[in-house]
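Next come the structures, one after another.
In what comes next, chain A is part of two complexes: it sits with chain B in the first one and with chain C in the second one.
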Partner chain A sequence: MAAVPNLIPALPEIFLALTAMTLLMLGVFQKVDGDGQATARFVSYLAVIAFGLTILLVVTVGGGRKLTFDGMFITDFFGVFFKILVLIASALTLVISQGYLKVQGMARFEYPVLVMFATLGMMLMISANNLISLYLGLEMQSLALYVLASFQRDDMRSTEAGLKYFVLGALASGMLLYGSSLIYGFTGTTDFGAIAALFNSTAEGGPSVGVIIGLVFILAGLAFKVSAVPFHMWTPDVYEGAPTPVTAFFAVGPKLAAIALLLRVMIGPFGELAGQWQQIVAFISIASMVLGAFAAINQTNIKRMMAYSSIGNVGYVLIGLVVADEAGIRGVLIYMAIYLFMTLGAFTCILCMRRGGGMVEDIKDLAGLSRSHPMVALAMAIFMFSMAGIPPLAGFLGKLYIFMAAINAQLYTLAVIGVLSSVVGAFYYLRVIKVMYFDEPTDLLDRPVSREIGLVLAGSSLFVVLFVIYPLPLLAAAKAAAQALMGG
Partner chain B sequence: MIIQALAFYLFAAVTVASAVAVISVRNPVHSVLFLILAFFNSAGLFILLGAEFLAMILVVVYVGAVAVLFMFVVMMLDINFVELRQGFLQYLPIGALIGLILLVEILVMVGGWALSPEIASAVAAPTPAPETVTNTHALGELIYTRYVYLFQAAGIILLVAMIGAIVLTHRRRDGVRRQKVSEQIARRAEESATVRQVESGKGI
Partner chain C sequence: MYTFAIFLPLLGAMVAGLLVFVGGEDEERRARMDRAAQWSTCGAMSLASIIAMFLFKEVALDGNPYTVELFTWIDSGALEVSWALKLDSLAVVMVLMVTVVSTMIHFYSIGYMHHDPSIPRFMSYLSLFTFFMLMLVTADNLIQLFFGWEGVGLVSYLLIGFWYDRPAANAAAIKAFVVNRVGDFGFMLGIFAVFVLFQSVNLDTIFSAAAGKADATIQVFGGEFHALTVIGLLLFVGAMGKSAQLGLHTWLPDAMEGPTPVSALIHAATMVTAGIFMVARLSPLFEYSETALTVITVVGATTAIFAATIGCVQNDIKRVIAYSTMSQLGYMFFALGVSAYSAGIFHLMTHAFFKALLFLGAGSVIHAMSDEQDMRRMGGIWKMIPVTYALMWIGSLALAGIWPFAGYYSKDTILEAAYAAGSGVGGYAFWMGITAAFLTAFYSWRLIIMTFHGAPRADERVMAHVHESPKVMILPLIVLAAGALFAGYLGFEYFVGSNAAEFWGNSILVLPGHDALENAHSVPLWVKYLPLVVAGAGIALAYVMYMFAPGLPAALASSFSAVHRFLLNKWYFDELYDLLFVRPAFYLGRNLWKTGDGAIIDGVGPDGLAAATLNLARRAAKLQTGYLYHYAFAMLIGVVSVVTWYLFTRAG
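Let's look at the complex of A and B:
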């Protein structure tokens, strides 16, 4: 009789899975009155509460390094850090989705349930300590996201986005699996700890070619999921076509989880092979920064612009991975935390862009926003200034930590290209502000803004503005998380 | 021993022959029947290997469910297989060439395969000696005990796939008459039927 595995480290995930299934049952058996909007709203708010409770559980289970399920599942402070960010992102997404779902007539209770399952997948990704658990977490997340992308199933663009995401995502999963099978074939194990131990002991002969090919394939698969440059082609189309709150979720949740996974895989099992993957990641990083900066200039659709902006941001984040020391990882963690609030805030502003009951998405539709919605315009200006990296705001500090780490590691080329491309990027962020404040309005956007959206906007813009005054808790948490990853 | 070898060659030859027949016969129904034959012979190969559980699963799941499903699809969808197969000969050379290149690559890779001695100790899931446990026991040990986490995660993925399929395709239609069992049971004779005296020669 084998011992029952220790379930305590996985308690938050188990709770989230059970709650998601319970809410699914609740939604199915609830009496439908009208078009089911009341049910959708009810389930959504229960889901937000469930995310809150899961955060509490994550904190309670704590950051001590624990392995369970035969070493397939790991909790450490690094995981706790990312899990809290992902859960915040999911909860906020559900909150800001409500108005949109109602207006577009897609308020169905499956939406919050799918967001919950996607979040569960992200948490499994963050806690993966084995190539198989990595793949299963990734697939759970992606499958739920494919459905969410085409959730507005009567809309051509939404279904197109879902299909594109699905086909290209399946291709990326295939590459990841091929890489994993090569790694398994050449090392005989899928466990991260065992792989790392093998490379430690066989350092003198150097790794075999098969392992390197496998590593490159895994890197390609993960680069697809974070939409880094040679694998970014799906991003603008999917971001543009998917329903706006889903796009907001895409820009934050999966990116956080995939970056966490990328860090864990590259630093953990393949840490000894840093010389092999650093040059690849450096190339991906430079290409992402440059493309993100230049391709966004010509965009007229604000969701497409945000897609290129997110590609550029991934480029900056990957600098921290190239540095691959504690300072670099800490920079990545700080940047991702700030990126979460900036991006969600910006998308919340985009969700306010309604005219005559329908959504509008062109940058020029923002004209005159400063007069019709002064507070929304102010918040949007804060997020754009922050993304452009204007000094006292949070976005500047995020970039600062990453560039500092790069300079301390003597990666001057990366740092210089990063600074230059963020100057280019500032152009299109500032253009949004110019349109909002100085262009003559054509048709004013609808008022008023719903209370939930106002709260999220106020909260995230306060975070972005005030971060510089009291950054210590986040800095300390990021430092502890980076130590947990490097020490593990 | 000689019987075992003979059985192996018999099963293997029939498997390969029926696999070729699956893609070469003209009638799609025959094609599915050949597929079933291939499944049965693979099950025989599994038994020769001592994997009786897998053999039974192959028969039950593949022959019992998957092949029947194929049969349904072939019979219900009117696919023009002759049209699909046009150009088969035209693309044969390039297909054969690609297959040959892949074969050479695999041979080169397997030829250069070298495992360092440390790896033998790190093998992920060593199977216990077949004399000590039965097939079913060993598989259960792996799937439901050692890999229970992955098993459950895979289950949730399938659940998500199901939700997704329903969300994307299910539509609530008007004018659908649903069976309401409770109402049917609650009906009483007095409510649904009345007895009337009808005078002869007149309607109601």
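Let's look at the complex of A and C:
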């Protein structure tokens, strides 16, 4: 019998898994009175607390580099950084979902449980150190997300979104698996460290064609998850169709995990091949930035607009990956942290768009928001300005670090295209502000805004505004995380 | 604990700022919010000023200066900037003065603004202004100083344009902002030059390195110049803008379009003194440049006389006081110019009290006269508002420098120091100062007589309504009047007298040889008494012209009509600038807009680009068909093309 592996590094994941299963049991066996709303709310808040405890565990286990499960699972400072962000994203998503779930009559305890399993998958992705564990984490996350996308079962759009996401996601998984099997076939190992060592020793001959094709397939599979062009087609449809809090979750949690995974795979095992994949990533990055900027202009639905915005944002993030040095990675980490708060904040504002009890999601429905909800409008304006990259808001600094890294690495083309597309992108962000503040309102949106939503809005907008005054903690953390990745 | 003195106003501003949004339509709810805003800001300010008093005792009287590091702000290469509060004697004098005067103005505003529909916004601006001013005076590096500097500039823009539905207020706000931008540009260049020379913007680092750089040179436009002179002159341009010195002064009188408490806060007590403070704060740099000091002396002395002449013929009560402020700032600057920094700061402090008193007193008069500001339509009201009348007397006596009021101590010290400097420019400053002192006394009593005495010139409806201001306005005035009475006597020994060296500690540097202030105590007797004599003469002349021979001013104005028009039009500065800068800029702008931008650039550029963008956007959106197999197909095409591209580039 094999020795029991060291469980300590995986403690947060184990805790989260056990809690999720416990909460599932709790929901199943709880006596339901009425429509089960009380149970759902109860389980949701327990889940939020569980996320908080998991963050504590992640911090306690710490950032030292540890391997376990025969090297399948790794914890390091890079992982800690992303896990904390993912957990924050999941917890905030649950908090802002409550009102929506209640209004739409879909408050069921499965929702928080699914979010927890998806989060667990994300944490496994972040800690993956082997092609097998990578695939397991990714699938665990995706399966939960497929269900979440179609959570509003009686809504056509929601079910369609779930189905589309599932079919295309399966295709992407297939590509990923095919790529992995090619890599295994040509290298004889699935362990990240072993792959990296192999490329180190055979550097002079260059990698074989099979490995490169395998790499392209893996890249395609991961690009699907971060919704980079040309693997982005699902994004607008799924964003629009899925229930809004689920969309908010899609926009941050999986993006964070997939970016973390992408960084780890590209810099880790395939770091030696940087010269080979940089061109591909650069192409994907440019295509994403340009498409994200241009296609968003014509959108009338704000969730679709946010979908294109997230595509564009991934384009900027990938610039950091192309740079592939410490400054670039640091830029990506900072950008993702800021992106988390901006995007969640913006979706929280979208969740406030309710009229006559139902949700509305057209951009023109925001007209007159500055009068009916001055604070929400102000927060939304802050997020939009920040996304458009107006100094001194956080979004500007995020872009600044990425572009600076690109310029220092003499990737002028990428930096210039990035700046130009963010100029185009500013158009549709500013249009939202214009609609909120200058257009004549048709019907005013419902008041008041619930307390939890107000808190999340206040917190995230304060972060975006005040980041410039005290940016050092995040900068230092990102630097340490980037060093952990580059050194590892 | 002491840092609360700085951050309480910010807290008050934030609370009041949030209250702006929760007012709503309901009258009663609005009134409640108004009261909440007034109480939170006034409470925070009162607390801040109490803490400031303890701080003053700890740092200045007990001599324990220290620096509070809050946290690192920017860390980029050689540029390392922290948020830090440098609390030395100079800073705490300013902190005390700013918090106390500002607290009085906050309370006064409760009464003065009580008809206004947007009270929380006003109170929030006032507190925010105070916070930025405190940030400015406690800055421990030039970037933070600049942060406070721009902050007060911004809030002053908001406050001057507070009644944004009045075109004149908007124009004045823009003018203040733009003119200050010119000065700030100089200030910024000065900061850059400091960084080039010292590789640091931290004040302590700069100061300790300044002596070593006394002979350094810097390249400007291909020429070699004495570095500290270049820096000093650039920084002084900034100070000129903020402190409304000759050339960049045109915004100050127009800024009287703001509500009166604003005029008092910004244009008397605090913001305009930022320039004085900055020069005094950077005394270790200015000391090494004779040229810069000479320029400061000449500009200051010229401004003092220039503004005083204009003040003599203005008819708007607030404008008279505004010009008097400019003139007094000129005094402070030439004090700095002759290295009598502490005298300049002393006058700054006393002036803050009596000028705030005068402004708020004028506000009280305007309040009583149903918002009338023209002195030609006042008169004969002194029996109806006796308290205001008495307070205006105190303020004017202090301004004119009559013993034992505050102005006597500080202004005399400045004039004596100018005389004792013994240099040509010192002499120039002395005689200009004496003349200005005469004019100061003259226009102050012209103001008092025209406003309060003689036959009533307002219509009956206004006269029937004349009333003393409520207690909440009068009490702050009394506190300020106490300052105008005693600040000079109490402060004299500490600021410029025998305890001065101990009091200031290391916060001000005066090189040996620049001993105008020490010599000021041993000037001839006639120098000591001359200011008092000319002030008395000025008062007497005002009585003769406006009380006993009321026909005289008109006769003088008509027989010297050219001079009178010249003064009435403020030496034609506005017209000159209009001709030189504003109209050419408009002309250029209109041309560039109509032909350059509209026809050429827009046609090809933005409009063309926008059309192309929209076209692209439509195409991009069309790609999104909604069919699953299209999406899957796109993904496969993507993979295939990337693999193909890859194989080809590798093969080739």
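Some points to look at:
Methods note: the second predicted complex is superposed on the first by the 487 of 488 C-alpha atoms of A that agree within 3 Å, B and C clash if a C-alpha of one lies under 4 Å from a C-alpha of the other, contacts with A are read in each partner's own complex, and residues count from 1 in each chain.
Just so we're on the same page, a contact is a pair of C-beta atoms (placed from the backbone, for glycine too) under 8 Å apart; a residue touches a chain by one contact, two chains touch by 3 or more.
The model shown is predicted, which means the values in this text are computed figures rather than measured ones.
With both structures placed on the common chain, the touch criterion links A:153 to chain B but leaves chain C unconnected.
Legend: residue contacts after superposition of the two complexes on their common chain; A:15 is shown touching neither chain B nor chain C. Contacts of A:132 after superposition on the shared chain: chain B is touched, whereas chain C is not. Touch criterion met: A:224 reaches chain C, while chain B stays clear of it. Using the contact criterion defined above for the overlaid structures, shared-chain residue A:113 touches chain B, although it does not reach chain C. In the overlay built on the shared chain, the residue A:189 is in contact with chain B alone; chain C does not reach it.
Interface of chain B with chain A (complex): residues 109, 114-116, 118-120, 122-124, 141, 145-150, 153-154, 156-157, 159-161, 163-164, 166-168. On the side of chain A, the complex with chain B involves touching residues 2, 5, 10, 17, 21, 24, 69-70, 72-73, 108, 110, 113-114, 117, 120, 124, 132-133, 136-137, 139-140, 143-144, 146-147, 150-151, 153, 184, 186-191, 194, 197-198, 201-202, 205, 208, 210.
Of all the residues in chain A, the ones that touch chain C in their complex are 163-164, 167-168, 171-172, 175, 209, 212-213, 216-217, 219-220, 224, 230-231, 233-234, 236-237, 276, 279-280, 283, 291, 294-299, 374-375, 378, 424, 427, 469-470, 472. Residue ranges on chain C touching chain A, taken from their complex, read 21, 71-73, 75, 83, 613-614, 616-618, 620-621, 623-624, 626, 628, 630-632, 634-635, 637-639, 642-643, 645-647, 649-650.
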